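The next part holds the structures, each set out as structure tokens.
Okay, so chain A shows up in both of these, paired with chain B first and chain C after.
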Partner chain A sequence: MRTRHFLLLKRSCAVLQKDLRVEFRTRYAYNTLMMFAVTVLVTVSFSVGGMILESEIAAALLWIILFFSAMAGLSRTFVQEEESGTVVALKLAADPEPVYLGKLLFNIVVLFSIAAVVVPLFLIMLNLSVAMPLSFVLVVLLGCLGLAGASTILAAIVAKAAVKGALLTVLAFPVLLPLLIGAISATRSTLAGVPLEVLRPDLGLLLFYNGMMVTASLLLFDYVWNE
Partner chain B sequence: MQAQIAVKNLAKTYHCRKLFYDLSFLVKNNTVFAVIGHNGVGKTTLLRVICNLVPATSGCVEITVGDRLLSAAERRAALGLVSPELELYGELSAFENLEFFSGVRGIVFNREKAREILEYVGLKGRGHDLVSTFSSGMMQRLKFAHALFHDPQILVLDEPASNMDGEGVALVREVIRHQRERGIVIMATNEQREASYADQTLSLA
Partner chain C sequence: MFWQIMLGIWMAGVIAASFLMIRPIQGLGELGRIFIYHVPAAWVAVLAYLMAMANSACYLRSRDLRFDRQALVNAELGTVFCLLATVTGAVWSKAAWGWYWNWDPRQTSIFVLLLIYGAYFVLRNAIPDIDRRARLAAVYAILAFLTVPFLVFVVPRAYASLHPDLAMVNVVQRRLEMDLPMLLVFLASLAGFTGLYFWLYKVQVSLENLLCEQTVREELR
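Let's look at the complex of A and B:
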């Protein structure tokens, strides 16, 4: 059992390494996400002007930026395989699970690196202070994990469709709604500063969503991949 | 280990159009099996069904090695495919492509073996070049290296000599001859010369 898990991890890391290498040479997903995120961020900061935003609005704006950035670039991992024809070689060589896990890890790395730039910029440009910094970082990490998890399985579905452009956003919205509600609520709490007991249900929701999304995706991916 | 492919009552319908139906044949070890026929009769689709890349509408393909009926995962290890539909990563070098596919197959990458196989297919000294810089003939040679690198018992070739020069055609002949000794070759072709290498021929109409 341990050997099987080790092999799965090793094969997933091979997919991750390949995707990172390709991304490092083309910078397609990273550039798309970063340009989108920074453009929206600048637009929002100019629209808001010098106003001090309430934590409810700031939290919603942050997750709108992260959600649409994720939708703009994270589908690329599977779409590129389909469009370039490499999906045939990949299907012939790899089991479905390591492909899913490798792509998931890649999307997590990309989204975390985008968040590492966008979130501090968001706080600076909108002149926001965070009352609970550690909890805020935890919420952003869990939210990004959920965004990456849902985007990965949905990207695998969208990659098979003839019209790929807006389909991911449309498909993702209902799937990501519980995550976004939990992430916005938790972010608002960490910006405003609340007792930990108030934050706990939202953190629980984010943890549960992430666990459920990865488990369900692993179970379903075989059908999506081989369809 | 002796490999064998048994195709039983296979049918494939594509957009309400029957490509082939009730197709049954047996390919034994040390055999070159050629599928011939006009464009659009389903030669490539038949190869894709054998490789488990698309499902059959009805019927089945059973691949055995020794006495063992292979599962879908085991089939992946037993098959090597060269096809115009199969592309390798242009952003990676030839070595990196072979390394990646070894990694996802769970095989330890042997750089010396990779160098030997690239030399065998006529890509000596090009292992570090990005695949996107390769010509179509070189790409076809790399596809052969990719298909042979994990020593498959069954080699599936779709139009194997397309884009190949005279030396490339000789390479195809040599690969087929070598693979016949160690397992099975299944090939779809329109070329009379390639079809002449076959021990068994199936004509789709």
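Let's look at the complex of A and C:
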């Protein structure tokens, strides 16, 4: 049993490694995505101007930026496999579960690296101070984990559709809404500073949502991946 | 034909009873009558979606396109009832709260249900191949349904809502706050709406099956 899990992990990491290598050889997708995120951020910051924002509005804006950045970039891994025709080779080389987990890990890496740039810039440009820095980081990480967790399988669905453009956003929004509600509420609390007990239900919601989505995706991915 | 006429008489009775048999609800006044229609419509919207998910799961297990057609019909009917629930809710909200729409958690959850149905149809339209469409739509229906418990049960409880559940059901003491005539009319309406749903479902499914047979026959010719 243990060796099976170890093998799954090893194979997932191999898929992740492959995706990272493909990405770093060209880098244009990643660069575009990063510029997209920064552009959205600057648009928000510019339109807000010099206003002092309440933590409620700031939290909502932060998650709008992260949501649209994620939607712009996360379908990339699967669409690229379809476009370059490598999808058949990948199907031959690996089982569905390692492919899903590898792509999920890749999406998590991409989102974390975007958040690492966008979130500090957001705090600087909107002149916000965070009352609970550690919890704030935890909430952002959990939120990004959820964005990646729910979007990866949807990205696999979108890659098979005839129209790819805005489809991921349309499909993902209703699925992601519970996550966004929880993340915005938790971010608001950490920006304003509240007792930990107030934050706990939101963190619970985020954790539960992550676990549920990844489990369901693992069960369903086989149906999306194999024709 | 017999059952359809019975259903018509039943629903007419429910409508009449909703005006004649119910006393104004405490705290809601005469406006409260709309809940006789609003709650069953919302119930059927969720029921149809549950059925669509079950059909989708059956499709993934059996790869029988009949289940895909059933899921499609359920999604269509669910959309209609979901719209009814949204509109009756908004009308009541205007009269009671002063706004048609204020993103109360309940309004959010019913609206997201509508969005899910919308996304489901968009996805179906985006995939030309029949088998692939059935498969991917089924996966999406199951995934999206997983968020419904969050939206229907977790979010309205966790965040303050003005939705008058408390006038009907006392959550703390676990009992209904309805008197007998009102409960009877409500249950009758619930049964009527569910019957209406099953009748529409039967008609639509046989229509879809006939259309499919016709396409097959034309292809053979």
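Here, the second predicted complex is superposed on the first by the 224 of 227 C-alpha atoms of A that agree within 3 Å, B and C clash if a C-alpha of one lies under 4 Å from a C-alpha of the other, contacts with A are read in each partner's own complex, and residues count from 1 in each chain.
Heads up, the rule we're going with is that a residue touches a chain if its C-beta (ideal position, glycine included) is under 8 Å from a C-beta of that chain, and two chains touch if they have at least 3 such contacts.
If you're wondering where the values come from, they're calculated on a predicted model, not measured in any experiment.
By the touch criterion stated above, A:Ile57 is placed in contact with neither chain B nor chain C.
Using the contact criterion defined above for the overlaid structures, shared-chain residue A:Ser84 touches chain B, although it does not reach chain C. With both structures placed on the common chain, the touch criterion links A:Leu154 to chain C but leaves chain B unconnected. Judged by the touch definition given at the top, the superposed model places A:Ser217 against chain C, while chain B stays out of reach. When the two structures are aligned on the shared chain, A:Pro174 is found in touch with chain C, with no touch to chain B. Looking at the shared chain after the overlay, A:Lys18 reaches chain B, while chain C stays out of its contact range. Legend: residue contacts after superposition of the two complexes on their common chain; A:Val198 is shown touching neither chain B nor chain C.
Residue ranges of chain C in contact with chain A, taken from their complex: 60, 108, 112, 115-116, 118-119, 122-123, 126-128, 132, 135-136, 138-140, 142-144, 146-147, 150-151, 154-155, 158-159.
Interface residues of chain A facing chain B in the complex, by the touch rule stated above, are 7, 10-11, 13-15, 17-18, 21-22, 25-26, 84-86, 88-95, 98-99, 226.
Across the interface of their complex, chain A is touched by residues 51, 53, 55, 73, 76, 79, 81, 83, 85-92, 96, 100-101, 103-106, 146 of chain B. Partner chain C is touched in their complex by these residues of chain A: 150, 153-154, 157, 160-163, 167, 170-171, 173-175, 177-178, 181, 185, 201, 205, 209, 212-213, 216-217, 220, 223-224, 227.
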